[in-house]
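The same chain A turns up in both complexes below, where it pairs with chain B and then with chain C.
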Partner chain A sequence: MAAAAVLLLLLLAACPSPGRAGTGRERRDELREELLLSPLPTGDVAATFQFRTRWDADLQRGAVSHYRLFPKALGRLVAALGVRELHLALTQGFWRTRFWGQPPLQAPAGAELWVWFQPTVTDVDKAWKELSNILSGIFCASLNFIDSTNTVIPTASFKPLGLANGTDHHLLRYAVLPREVVCTENLTPWKKLLPCGSKAGLAVLLKAERLFHSSYHSQAVHIRPVCRDASCMAVSWELRQTLTVVFDVFSSGQGKKDWSLFKMFSRTLTDACPLASQSKVYVDISPKNKEKELLEVTPPPTSVHEAVVQGDKKTYAVYDLLSPSLFNTSRSLNVQLKWKRPQDSSEMPIPVLHAQRYVGGYGLQTGEICTLIYNTHPYRAFPVILLETVPWYLRLYVHTLTIITKGKENKPSYIHYQPAQDRRRPHLLEMLIQLPANSVTKITIQFERALLKWTEYPPDPNHGFYVGSSVLSALVPSVIAMKDVDVEQSPLFTSLFPSSDGSSYFVRLYTEPLLVNLPTPDFSMPYNVICLTCTVVAVCYGSFYNLLTRTFHVEEPSRGGLAKRLANVIRKLRGVPLL
Partner chain B sequence: MAAAAMAADEAERARGRRAALSFAAIAVVLGLPLWWRTTETYRAALPYADIDGLGQQPVQLVVPVAVVFSPGSVPGDLPSPLPFRDVQEMKISVNLRTSVTSRYEMAYRATTAQEEAALAAATAREADAALRPLQDVSMGSLTMYVVPETSSLLPQGTSVYVGRHRSALVRAERGLAALHARLRQVTQVMSFTATSITAALSDRVPDSRLSPDARRSLKSSLGYEITFSLLNPDPKSHAVDWDIEGAVNRYVKPVLDKLSLVANFSVDSQILYYAVLGVTPRYDKESSSFLLSAHSLPHVINPVEARLGSSAASLYPVLNFLLYVPERSHSPLYIHDKDGAPVSTNAFHSPRWGGIMVYNVEAPASPQASLPLHVDVDMARVMEVFLAQLRLLFGLSREELPPEFLLESPGNEGLADWELDHLLWAHTVENIATVSTTLTSLAQLLDKIGNIVIKDDVASEVYRAVASVQTAVAKLAVGHLHSAFQASKEAVTSSERAFFDPSLLHLLYFPDDQKFAIYIPLFLPMAVPILLSLAKIVRETRQRKKEPTKMD
Partner chain C sequence: MELQDQAEQFFRSGHTNNWAVLVCTSRFWFNYRHVANTLSVYRSVKRLGIPDSHIVLMLADDMACNPRNPKPATVFSHKNMELNVYGDDVEVDYRSYEVTVENFLRVLTGRIPPSTPRSKRLLSDDRSNILIYMTGHGGNGFLKFQDSEEITNVELADAFEQMWQKRRYNELLFIIDTCQGASMYERFYSPNIMALASSQVGEDSLSHQPDLGIGVHLMDRYTFYVLEFLEEIHPASQTNMNDLFQVCPKSLCVSTPGHRTDLFQRDPQNVLITDFFGSVRKVEITTETIALDRDPAAFESKFPEDELATEPLKYAEQLPVAQIIHQKPKQKDWHPPGGFILGLWALIIMVFFKTYGIKHMKHVF
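The block that comes next holds the complex of A and B.
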């Protein structure tokens, strides 16, 4: 066995394969890139890019400072600040789970950042502050607005996704900036982290003017430690850059449901990134309702991959950009999707778990946050963890918290509530709720709107104040039994969340962000107040002053009062003798 | 009746006057100070006079030099018998206001028996090594050994040998004056020259007077980040590998260990793919190669710089060393200087930024060779160039020396002790100048904008910086280079901390006229009656003074 391995190494050294330089030394980092195209039930199409850089080195030891594929900026950050796991997502738009189905990776609108720190970090808050500032510099995003008023420490919702020994949640920080607008200036630094940039490989498709002309755009960076091999004796670091974009059938597709790479990105693929050890395009061609497949893809795929993804059996057409046969016939690859017959929109599958949230109530004093959680599984109940972060200026009344399922009260089995402190920290509400089969659960909580100081209002305060998405994490029972698969072999989009066992899969959903109106003052108010008080003071002062300094002296009645004088004038005019 | 009424009236009038006067008095004595105090910002006192003084403070650099005469080398015209002391001064004027005085405290003596034994060695290098334990080892001090004119210690044609540490061997001259001139030359090489001090104070020198060399060396800082980047614009044809880790440990680390006294260094490296230069090289048919001419080099860096990545995690200046492997369609690539001759190292450096070296890959013997071509970079060749550039960037060039000087190669450490001193002298002077500039502009700013809050901790940092600068200047004046440098470093830290303190930016600053305009609705109605009644009182008293004369 060992001899065979040595022989293999020697062979590798003798004939360098494309994409990896064959040296005697073992390559310690590798890059995999992948694009998943999935037609959505509404006729839109979702494209998910994943770039994974794996580095067989321990970033934490501090001795490592020589980077190859792993970007230096992020590597130094992880080493310098004692980061164990970092997840940053910048999103424009909202993933409509109800209509689009379960996403491979959802993110809340705006910016989301959650970080696990190493246990060796003594001052986590300071490291968190520094980290968000540096990230804001790297990604040109307003992450520097993350402070104690929007940071929470969830106890149950966010578990480390990578290797971890110990989950002391004091090392975790979570923050969402729902107001953040994502645009090209955030995409450019994100692309710069890729070893091939946007010069070769799948990344050539990332053309900003197309990506932002879409109904949903989400780009993310995930850094985590993973097992180096099956025995898990050593740690490797993984950087996953993902980008999900949904092209609208009407605005991008001119109303036709037929898609092609060129139609979506106005580019086609010509080669793989020469540094990548794997470069694949997957197209979701799963038949709906066990019928014959509806979708036709051209050119013919290099292979077909079947997998169980998120409780559903899926079929993928795979194009391997590293296989030489693909570019034999034509110089570029333009994957085209055609529907064989018109789709019936009534047979749209409804995802097992989805949710909805809105603000109720009227007036500017009180209100109500309502969350509806749907479990459409026909016969299985399952628990879900709900994380709600509400800014301090909406004062939650916890006694009004009601959870109603099928007309009955539903008692959460775990509840963690951390009340807000004005101008210091937000409300944090975490609950573990059991969702019965085929049910709708309604969670309501009332709040009162606080009055802010006049300098605390953001620009354009009449636009309203955002309340970040609430997070639902659940292990959803699978309809189909899943096999244990080797993570290294399966496509990347299946492997970020750890799957616990064959009968369920992990889902994290984000609800809509809310927009709440707060009573907004007239902003010339301070000046008006000063003017008004000054005037009142001046008037009081004036009469007081007058009273005190005026000299009074007794005056003999001489020509009578004003009335008499007036009467005399009139009499004079009339020629009548004066009084 | 009328008189009684008149008297009552007069009493009433007097009471009114008193009331008006007391109103005015309360407004002035109580109201105005109260308003002033409540709307005032907190401003801690700053040592403005001391800060002003820093700019004009004369800096005196004192170099203790020991001149040791070996038997047979003592010139005949010595002013007094050995040992004796002597002081030489030199004034370096930087601009009209600033000048630096250098003061060489020469101590002349004859060799001891041990030194004589050491000087009897066969070669200069051996003598230098043997003399090392016998010297004054404190930083900044120098020892010159004068050997007889006929000594075989120095090779033919050289009259000065500068060792690895803080000593030199000087061949004796005929007269004392000639020896003095020679000694002065050696001392300046080993400590500082007028140019190196001017370069350190380049902020204060008019631009026209600066040579390009003076602007090359890096600004003094508490730390530097050194980044080696391998640029591979064509990963499809070249799979380039470099053993940067080994090379850094072997070549760079010893130098940085020695330099760690001056500043903190961190070293890292990265490989950048698809990073291209901003200039398309010209094809030269004769040599069938591509050429980059000297005048196009300034355009090379900008597009690359965007890819280099900023060091988000620290604020130290970054030194970039780029190794560029040209793409296959543009190789071989050679850099040509202004005269059109190829540059032998195929490298160039950019002042205060770093260096770029072009590393050509030999074309494969057979054109059918499979791509990508595997390339292992010869790190010894590369690091030789980068280290030379690093020395240049720190102002440690060994070029401009007269031919009769022989410098011992620094060996494994990459840096001789006296070169380190050379850096320390320049950096100390520069730090002192930087601190005085920083504090002066801070004081000016705070003086100009009257409603910036000055917190106590900002003030204490300013005081600390001033005190440290004064210590540094005092230490320089007694020849303690190391402690002077430490003090100047502390001064830089404190002054930067004070200058960049976020509390200086907290308030919104309204112009004063707007601030007063807001209070007009209060001030105007209050001030008008007071002023009117005061005017009335004045008028009445004047009238009453006139009245008695009328009555008479």
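The block that comes next holds the complex of A and C.
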């Protein structure tokens, strides 16, 4: 009897109770998943998935071996290499800011990796190389091509997005691989990092055939330390996996501007991920030009949420997949967006900050990189940091750098230029430029193309060589003041960048990557030269040798063999001269 | 006796694990069929049980997400887009510019730089059966990699000999689908290698059928019929290598497929297709129970207490304009003047004093 009671007590003590509040010894990790559907002014639709795993443990202290929602591959990586922040993005396509508006989170075409290391790391370059190799294995991307020829150390851009003690920029590394292809083999391991995989929750919509048939596809992984609660006395680690895809109205939408989940993804939602504490779908139904709602969503949303996002007041229809009422009427959720009244295509809002970059010039010797930055705010000026990384084989002439705004020269408040070293380091140009209100700033710099050694050309040199996108970081003044939001209560897309004050919001834009042709040699020439030289040598030298060393002597005619004698007999009979 | 027979059958083949190295060596859109070849073998091999961690897949160009592909994220092997061999669950280990002769030989011989991730390594041992499939453009004695370099049959034979010396395989099946493919296995001299090729020396391997929607040829004939043959195989089938040798006779393939078995110790009649294309899992079933004595709560409570900060932590400012503008460039460290400068100055001073004499110092200064 007593033994049974003891056993029962032991059993109760051994059972973990899941609903207990954090006692300081319990490790809580939670998953929130979210999908944001925003119709774009051109009729396309952008879908942004965010999966956020927050883990109340200190990965850096080691002694963590029981991984639940946080993927072990990334957790071990962070702990072993002393990583403080990691941001990896793989993108196919380009976000057209001029037509689509400010992106929630943009990434440059190709692969982009930037990492802040802990101050305890002694050899940052070695850790960086190991990190890129390990990530190339995890994500099936050729990130092992990241080396000193495409890595830079920015001094003013890319400040840490997570908790930071100090910002010694020697612990930061940034690299871009613009030639990197993104396809299903990168999506597969990305999906495998999610706690529910692609079997439940919002991730069932992620089917490669639809995702890659789009104008823009970007998948990213962000790891950073965040505040555990409002008092911010302890550190939690946050892993955000984001995927942004823009479906084109003509190739996916068959020309019609009405969208639905089934039309976009050829799937519908059936349930939330059982491991998620929050699973929501947000649809942007903000009225444009302060008119009544133009966009209608069916089925009716669970609630409506208003927030100030990127300086503007926006309204969202919210579908909470965890609320039991959502799947009452039908087993699957297919959110449909219909336009109540045909849109006026002339009233496309122009974003406050957008940029453009192109190569000017002609020929295969020189050229010019031109960047145009537009500030369309009617009365506010703001600063912007421009970061350009140019490969070493385009030799920049910094004395030709000109920055012109409204016809006058604009001197930047801060310039950091690190010249390239052939085959070792790329050019790095960082400038802090003040953009006056309602202006266009043109930045030009001339370059000369280098001739590479014939073994350094890639197998397809006539395709051209890529120059990675330049990065613009700015604090854009907001139309409406933003209040400090509690990260846990607000949607995930509002808490990407930590906000300092409500009067402006931080935005990071990327320009187009450039494709430059380098003078390419004729690779068949070595073979041609060998053939020609051997022929010339054989003919000339051979003839001379023969002439000089050949001797002539008279030869006795031979009597001839049997065949010749028989032939002579027949010829005598015919009356023909003998052989 | 029956038990002995059963045991013998169980241990018929001497291998305990299976690996596959699948290589497509061609770049550019018109070589779509080579990528489709490799992916169809990948698909069969995965279907028959070899996991991704045991497959090293090397594709020299990306066809699925190529801008010229009218159906992105798909690679078809049959016209009218019947079979998508790319699928939804593909992991390519070596992509694009990484597919070079050097990387291929390093994967085979295991001489890989230490920071290479596991998925890019061939971690085979002396009880592994390895399937090596190569496709691309080839000639008499060589195979072209990405239009810029080539691997010769001698190099390949030497690489296999290195593998044999390092005990990196138990048995090896080498399949090649290129023009004049039989020349690539002429020079092998290591034991336990069986080789198949799609054409003899002097013959070209031909492609199967174009798809008018995609605009290029989708598959090569030999691999097309091998794929058809492999679709009939399931993990428990008893089909042997002799059937594989009969695949694609001259009437269907136009070229004459060849094979080489003289280096192989077992009779091809006794070699199952699944010895190379499938994966062996030798499972021992036990009926005894094993008690797991850890309970999760005790496990969790072993974590150390979190160190709480003394003052609240904060986020960094994203664009600290004032801090950036006043960021002075790093001062170069002061080094004492070197020997040359010192010597030069000593010479100048000595000359000066010799010329003017020390007693004139007070006039100079």
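Operating definition for what follows: the second predicted complex is superposed on the first by the 497 of 579 C-alpha atoms of A that agree within 3 Å, B and C clash if a C-alpha of one lies under 4 Å from a C-alpha of the other, contacts with A are read in each partner's own complex, and residues count from 1 in each chain.
Criterion: contacts are C-beta pairs under 8 Å (C-beta built on N, C-alpha and C of every residue); 3 or more make two chains touch, one makes a residue touch a chain.
Since the model is a prediction, treat every value here as computed from it, not as a measurement.
**Student:** Examine A:Tyr527 and indicate which partner it touches, taking first as chain B and second as chain C; both and neither are also allowed.
**Tutor:** First partner only, chain B.
**Student:** In the superposed arrangement, which partner chain does A:Cys232 touch: chain B (first), chain C (second), both, or neither?
**Tutor:** The answer is second: A:Cys232 touches chain C but not chain B.
**Student:** Which chain, chain B or chain C, ends up touching more residues of chain A in the combined arrangement?
**Tutor:** Counting contacted residues of chain A, the larger count belongs to C.
**Student:** Considering only touches as defined above, state whether A:Ile138 meets chain B (first), chain C (second), both or neither.
**Tutor:** After superposing on A, A:Ile138 lies in contact with both chain B and chain C.
**Student:** Counting only touches as set out at the top, which of chain B and chain C does A:Lys207 meet: first, second, both, neither?
**Tutor:** second
**Student:** Pick one for A:Ala474: touches chain B only (first), chain C only (second), both, or neither.
**Tutor:** Second partner only, chain C.
**Student:** Considering only touches as defined above, state whether A:Lys453 meets chain B (first), chain C (second), both or neither.
**Tutor:** neither
**Student:** Tell me which partner A:Arg574 touches in the superposition: chain B (first), chain C (second), both or neither.
**Tutor:** neither
**Student:** Who does A:His66 touch here: chain B (first), chain C (second), both, or neither?
**Tutor:** In the superposition, A:His66 touches chain B and chain C alike.
**Student:** Looking at chain A, which of its residues have contacts with both chain B and chain C?
**Tutor:** Touching chain B and chain C on chain A: residues 15-16, 25, 66, 134, 137-138.
**Student:** Which of the residues in chain A end up touching chain B in this complex?
**Tutor:** Chain A residues touching chain B: 15-16, 18, 20-23, 25, 65-69, 71-73, 76-77, 80-81, 134, 137-138, 192, 195-197, 199-200, 271, 274-275, 527, 530-531, 534-535, 537-539, 541-542, 545-546, 548-554.
**Student:** Okay, in this complex, where on chain C does chain A touch?
**Tutor:** 27-28, 62, 64-65, 71-74, 86-93, 95-98, 115-120, 146-148, 295-301, 303-309, 312-321, 324-325, 327, 329
**Student:** Write out the stretch or stretches of chain A touching chain C in their complex.
**Tutor:** By the definition above, chain A touches chain C via 13-16, 24-27, 56-58, 61, 63-64, 66, 92, 129-130, 133-134, 136-138, 140-142, 144-145, 155-156, 159-165, 167, 179, 181-185, 188-189, 207-209, 211-213, 227, 231-235, 383, 385, 413-414, 416, 432, 458-460, 473-475, 497-498, 500, 506, 523.
**Student:** In their complex, what parts of chain B are in touch with chain A?
**Tutor:** Within the complex, chain B contacts chain A at residues 5, 8-9, 12-13, 15-17, 19-20, 23, 227, 235-236, 239, 241, 244-245, 248, 266-271, 273-274, 306-307, 309-313, 370-372, 374, 376, 518-519, 521-522, 524-526, 529-530, 533.
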